[in-house]
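Labels run A, B, C, D, E, F, G and H following the written order; every chain starts at residue 1.
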Amino acid sequence: MIKKSKKDSTDSNRIEIRLSGSGGQGLIFAGVLLAESVGIYEGKNVAQTQSYGPEARGGASRSDVVIADGPIYYPKSMSLDILIALTQQACDEYYPALKEYGVLIVDSGLVRQLPTDNAYAIPFTHIARTEVGTPVVTNVVALGALAAITGIVNVKNLEKVLLSRAPKGTEEKNKLALSEGYKIGKELLKQRETELVERF
Amino acid sequence: MIKKSKKDSTDSNRIEIRLSGSGGQGLIFAGVLLAESVGIYEGKNVAQTQSYGPEARGGASRSDVVIADGPIYYPKSMSLDILIALTQQACDEYYPALKEYGVLIVDSGLVRQLPTDNAYAIPFTHIARTEVGTPVVTNVVALGALAAITGIVNVKNLEKVLLSRAPKGTEEKNKLALSEGYKIGKELLKQRETELVERF
Amino acid sequence: MAEENQIQKVEPAEDGEEKAKKEKPKNPNPIVIFRRWCKACGICINLCPKDVFDADEDGYPVVARPFECTQCSICWLHCPDFAIKSTEK
Amino acid sequence: MAEENQIQKVEPAEDGEEKAKKEKPKNPNPIVIFRRWCKACGICINLCPKDVFDADEDGYPVVARPFECTQCSICWLHCPDFAIKSTEK
Amino acid sequence: MSENNVRLFQGNEACSFGALAAGVNFFGGYPITPSTEIAEILARELPKRGGHFIQMEDEIGSIAAVIGASVAGAKAMTATSGPGFSLMQENLGYAFMIEAPCVVVNVQRGGPSTGLPTKVAQADTMQAKWGSHGDYNPIVLTASSVEDAYYKTIRAVNLSEKYRNPVILLLDEVLGHMREKIHIPEEDEIKIVNRLKPTVPPEWYQPFEITPTHISPMAGYGEGYRFHMTGLTHDPWGFPTAKSSEIKEKMDKLMLKISQNVDDISTYKEEFIEDSHIIVIAYGITARVAQQAVRIARHKRFKVGLFQPETLWPFPDKGLKKALENANLAIVAELNQGQMIREVQRLAPKKTKIVGAFRYDGELITPDEIVNKIKEAN
Amino acid sequence: MSENNVRLFQGNEACSFGALAAGVNFFGGYPITPSTEIAEILARELPKRGGHFIQMEDEIGSIAAVIGASVAGAKAMTATSGPGFSLMQENLGYAFMIEAPCVVVNVQRGGPSTGLPTKVAQADTMQAKWGSHGDYNPIVLTASSVEDAYYKTIRAVNLSEKYRNPVILLLDEVLGHMREKIHIPEEDEIKIVNRLKPTVPPEWYQPFEITPTHISPMAGYGEGYRFHMTGLTHDPWGFPTAKSSEIKEKMDKLMLKISQNVDDISTYKEEFIEDSHIIVIAYGITARVAQQAVRIARHKRFKVGLFQPETLWPFPDKGLKKALENANLAIVAELNQGQMIREVQRLAPKKTKIVGAFRYDGELITPDEIVNKIKEAN
Amino acid sequence: MAVASTVVYEYLRGKKKFPHVWCPGCGIGIIMGALLRAMADLEIKKGDVAMISGIGCTGRMPVYCDFHTLHTTHGRAIAFATGIKLSKPDLKVVAIVGDGDGLAIGGNHFIHAARRNIDITTILVNNKIYGMTGGQYSPTTPTGKFATTAPYGNLEHPFDAYLLAKGAGANFFARSSVYHATQLQVLIKKALLKKGFSVVEAMSNCHTLYGRLNKEGSAVQMINWFKDHAVNVNIAKKKTPEELEDKFITGVLWEDNRPEYSEQYEALIDRLGGRKKEEKPEAEVVKQ
Amino acid sequence: MAVASTVVYEYLRGKKKFPHVWCPGCGIGIIMGALLRAMADLEIKKGDVAMISGIGCTGRMPVYCDFHTLHTTHGRAIAFATGIKLSKPDLKVVAIVGDGDGLAIGGNHFIHAARRNIDITTILVNNKIYGMTGGQYSPTTPTGKFATTAPYGNLEHPFDAYLLAKGAGANFFARSSVYHATQLQVLIKKALLKKGFSVVEAMSNCHTLYGRLNKEGSAVQMINWFKDHAVNVNIAKKKTPEELEDKFITGVLWEDNRPEYSEQYEALIDRLGGRKKEEKPEAEVVKQ
């Protein structure tokens, strides 16, 4: 599903993923979960980086995960294979970095203007609030969807890592969030495939 | 009377004088008086430097004055034309730096072991104490003697500078000290010349 | 130190309500929230002695009971974001 | 604070003389000046309550009246140069 | 949580656990982005192991406490970034003077001044060597991956103990905060070096003894040796001296213990050097970018190699000279306005054209930028 | 007391009166040997002239007060030596960042650390350029006689005002304390430069305006302009920015205002260069010694010339390159273990053999030592 | 007393810099409001004020205020301010410092400015934590409280800024909190009027870090905590130490009337006739 | 109490380093004697003591004392000592600081060590001047007195080290003078016995500089001045401020019993089971 980076012939199956939004949405944590799942449990090389303003809280925030079979030299993203955007600002800012056939996943509640109709728009925050009862797990819902849509990470591994890293007492909510995200991701994927089939 | 430095053919009439003793004997002040007299009032070039330990007080102290008609490049002494030593330690330490025909002037009360019989030994401290009433002016007595013996500075200029630099209220004592030093210097010089005449 | 006690007097927490009793402006828009600066911290909503504000679904204050406002000033003095203006003072 | 007052009691300035009355050692060399360390500051000479020292012409202390010494310790406690030893304590 | 001791670590985490593995048992610090995690981790981990953590009132106090602990016998470390590193310079000079083993980690951010706290730079390259007054001889290490940060921290501690010399570890914001997999070795796989201890009777002990290696044994406090140390230039006993001969002896000792051991201290990595007449020179995080760039360029049939100093100071003069023997183009990639390039200018043969690939806008340089420099300059 | 305005001055005295002549009206400092006389003289002289002197609690506070006064509108200065200079590094970087004109005099003594408070050295040569973190561009002047100290202090103040940049004046213990004759010029003989003031309406005023010269006008406090300044990397308005383009613009501005004006800033002196294939390179007090050495050596029929950088940073690259064009031997004389020599190594033609004449035992190098180096190496 | 909602806007860099960087609900904004209202009360002109800060969340305040503003290095605000005040004695000089900035790294300048009694009004924003760097303990973090560098509870004792300032010689010290916005404003006004070194300690909420690490709740909860734990200095005098255990004392805690430094210095200049410029440097120094 | 003339020699580096560098009559030597006698009284072993100083005439003291001695940088003695004490809690740690060293450039470490209440005995040699650098005013130079940088009389107010230390949280503060050598010894003994941060301020004579610049006479005259102007704290309580105008108060001025830092830290290690070495680093950090 994900195309291999054509740009750099030296990397073996390099995939670049960006999780973006605003500070406090837990994107760095989500990046860590993703990196750890893929890196530790799926034997790939990973490099997770981030960028944040001096304000640390509130401002724009992003977390990048680079995945490859071989060594990762340049640890940051060059052109994204996958972009998750949880705010309009993030979507506007980072969409240009997405590859031609890259995958865009957005929070449909917060990103109203989509730069392409080729995006997966899912109301993560809304799902977190309504299905799990707290917007705090929005990031985990998004991760679940990511796993379902892109298949770059096994959702079981994500769950393992999530349970080991999540603060005590939040395990159930996190688990639920992950599976809700996964579920809607799968649904959407199916729907999209149907659409594609219909289109062509 | 003073031989021109043979060592360095580039300097015109370079003369190096060292005033040495222990901290608190006012040697730096004496060096300044000498330098100012020769430099400002006698139109020569001068460079006055000093060296002292971190203790600032008590330890060894020395003040060098280099005098020349032309520019003074190297500002410190290389080989001394004149050495005034007010302590045994200073005499022992610096005598080796004195040129073969250099002039050695010591405080005969404090320097008991003379490295040469070719020295002018004068009881500066004693004179200061007995003739002027305070050992504080020992340095000035020595300056007077220096002027008399070496002729490198006009004692009138020394007096001018001394009076302008001396703390208020000490003018008379300083004047007296200078003339006492000058007097004994002249006497000694005469006596020495007689001696020399006698010897040869 | 005398003035110290005066300060206590004007302390909103102690006196807000008393003042509120005296005068009730009938302005339908006594208080304006400057949404672009507001960060939905909830301070105004919670500190208003007259419960003038409701929170919208994103937590932003909405002037729900304008006629209750006594212009006691507590909300704007405590808004960390300078996002509250009174139309009266 | 009780011990504070005791401190005042052993204060040389207040008590030196009293003690001195009690005991008078007859040692002819009760006090030794270590000349190499002494800097002729004059403190011992001036602080000695029994005026044991004279100054020589360079200002160095000389034990001039040894039999007056009461071993009150003032001199060596105040010698900044550790240049005074008692032969008795 | 992990398989086979493989962990996902931040660079700062790797540095912290590397320090613990090397035996660091004292950390004195003051928070500053992007190094703070090191303090936070060690605040948690040290007391669990009987070690000591203290957050001092500022960086001046931090390095002072670290040196104090070192002299008393601890393996001591601090971590900071530019502003704190600048504040440490006076006492860092003191540590060099009294030859106190200790490690200072500088996780570089954008400067000058407060600059760019959350953005990357490598602009303390020169400061790491010249930041304090007077002549002194820092050992400065770098790291280019999270795993490397772990091992370089261990090496930093070991070198500081071996040479009785402060060691500076220059990391950067990207490396400090990025996460990668790292394999944590077993304890017995890690070589640990401890400072030389005196064996002479206490009366004979000279804390700055002149020895053939220029390294003097160092007793800790309470180990039966009492001695004096001072930041004033001193004799072998540690007492201030004003004698020219003793001053020179001390200064030579400080210099020689490093300069005579450059081959032991100074390391570098090379890739594709043999057949290349274009050499890219880069350290730390930039070296990784260069690794990629070199591969891209070689793919495009440029004969490009990479020279990566692992030790910045003493600079691997010999290695670079050799690497540049056949080079007619050297590209120096660094995240500053041109610092390491001066060393290259100093060392390169005249025929070598030297070009800087500098980036100093807070972002990591990209492989393409380096490749373009190669294309342009070739 | 003097004839025709000729005085016998100490180097530190000359520096102090040079500062007053240049219009310095604020001094914040902390005593340290061998610079203290500057503070003492200005404590006495400044209030007599309506200026302000303050002894701060330390050197960090001193440079802070100086920068504060400068921003407020004063011509401000401080003086220190190695340990204090090290402590100033963080705030010095701040001064570069906010482009505050000010002068820091460093009367060098022996280092590292407390070192040799009363002895001479030139070992802060590199620190003067690289002592603070991040990229910045100091102007560093030197002086080699008491009279020179007077004029170089004036020049330091003028350059700082002209380029809105801190200027460091590197003196040394010998020069600071030595006395020589100096002719004090009439006031109208002294050229005084004042910082550019804004002329735009206050609303338009950008304290870091991008201009063709890269120098931005600077308003003082209370002069009708209100503006913000920060040590964070900032935009032309003085507000923090995280935009790469703005960051680069700022960094380029800082660099270019100096690098584009090297010819105006950087000066040097030459003697006997034309016919010489041996060049002695020395600055400050050592240059005087070299002057003598060169004369002695020429007397001995060596073809020796002298190149004396008056501006250490930016280093007079062009001048030195030219001076070394025909040189097969360069002798670099300095009172340290080899600092300026690295610049010579960087700039010299390959054919030139480069030899250091270093002295670092607290004493001034002698003409004979330099002459001997010439003999040996030739 | 200005409580009008609009007075502050005159002093804000409203067009450029808002919304500000602080977290939703952060007390620093409330303190800034109180300060600006105090300025308004005193009708101080914007061009007559120099506002100097160090580094920290608190240190960002000058960005938003339309004075002569200088955002300096961590801990050094008061030292910079000293140079400004001394060289331009007519300016009203305000230093804005955090508890880490002003009392940890900047502690020395704090006590020396107090000793010197130089006319700087210092607003100390005490949120008991290093906010900007993410929650390390500060010199005002109470013993036992948690911080990222105090994972087992803080072992250190906090400063009482009042005792420290007084011990160092400050001329004026007052304390209030973000809950007591009006009192804060009055106290700042007094401080601004006071000649000499004056400190107003404003207790502030950092719910994002201190609050979260110590389970003290949201901004609102923390602000209400201040309401419940403040005791006015006059009332405190009648209470036992036990009753005051977990309370903090507000009001003017200390006031003195020592001569102010910059005034003294100007008097010295006058005494020496330094107002009119002299023609030539008088050059003479002798050191024996 | 040791007043024997010989006890001190056990603690001196007598063979190597005497005569010492201080001026004839300088009080620092007297203070050093009192300190060493206090050590003797307590039978403290030389190998159990770490003595740390900064830079200044005072800072030279460790050269002469046969302990673990560390002569550090100007102002930083207490920060170095903090590292030593924390890493080797069994040592008796003594910091020797001058008034410039300890209170000007080193003021921050002084107040923070006091706040932290770490077990360091600080001997503050207050000669009211920067001795080593030749007589500049210090933070304890009284207003109006002369110094080389105060040619028109000092405009600044001096610190009262007692108020400063107390305000910062010190556990113990005592003051005496070189005249009161025996009292000084007793007070230092108390300080050495006291757990926590303790300060003994020893008023000393710098006749060479302070005395000369202020016409206060010789060492002997200055020492006698201390005799005439000391008031014991108990007596002082009964006096009016006017009566105490030009006096200084001696004795134990302040004592408290707050928990000591390094002890607390050791207890934390015990609590965490840190005494026995763990096998492997436990590696996990998450920051959201």
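List of remarks:
We take it that a residue touches a chain if its C-beta (ideal position, glycine included) is under 8 Å from a C-beta of that chain, and two chains touch if they have at least 3 such contacts.
It should be emphasised that the depicted structure is a prediction, and the values quoted were computed from it without experimental measurement.
Chain pair with the highest count of contacting C-beta pairs: E-F.
Chain centres here are C-alpha means, and the one lying farthest from subunit G is B.
Centroid to centroid, with C-alpha atoms defining each point, subunit A and subunit B lie 87 Å apart. Centroids built from CA atoms put subunit G at 60 Å from subunit B.
Once the centre of each chain is set as its mean CA position, subunit A and subunit D turn out to be 86 Å apart. Centres computed as Cα averages put subunit B at a distance of 41 Å from subunit D. Annotation for subunit F: residues touching 2 or more other chains are 1, 7, 33, 40, 47, 57-58, 60, 83, 90, 94, 98, 113-114, 117-118, 230-232, 240, 242. Shared interface positions of subunit A, i.e. residues touching 2 or more other chains, are given as 32, 53-54, 56, 58.
Residue positions of subunit H touching 2 or more other chains, listed in rising order: 22-24, 55, 73, 104-105, 107-108, 112, 132, 134, 139, 152, 265, 268, 272, 287.
Across the complex, subunit C meets subunit G through its residues 1, 3-5, 7-8, 10-13, 36-37, 39-43, 46-47, 73, 76-86, 89. The residues of subunit E lying in touch with subunit G in their complex are 30-33, 36, 39-40, 43-44, 47, 53, 55, 57-59, 83, 113-114. Taken together, the subunit E residues at the contact with subunit F in this complex read 60, 81-83, 85-87, 89-90, 93-94, 96-98, 108, 110-117, 119, 121, 123-124, 126-127, 129-136, 230-233, 242, 244-245, 247-248, 251, 254-255, 336-337, 339, 342, 345-346, 349-350, 360-363.
The part of subunit B that touches subunit F in the complex is made up of residues 8-11, 31-32, 35-36, 39-41, 45-54, 56, 72-76, 78, 161, 164. Residue ranges of subunit H in contact with subunit G, taken from their complex: 104-105, 107-108, 111-112, 115-117, 134, 139, 152, 155-160, 163-169, 258, 261, 264-265, 268, 271-272, 287.
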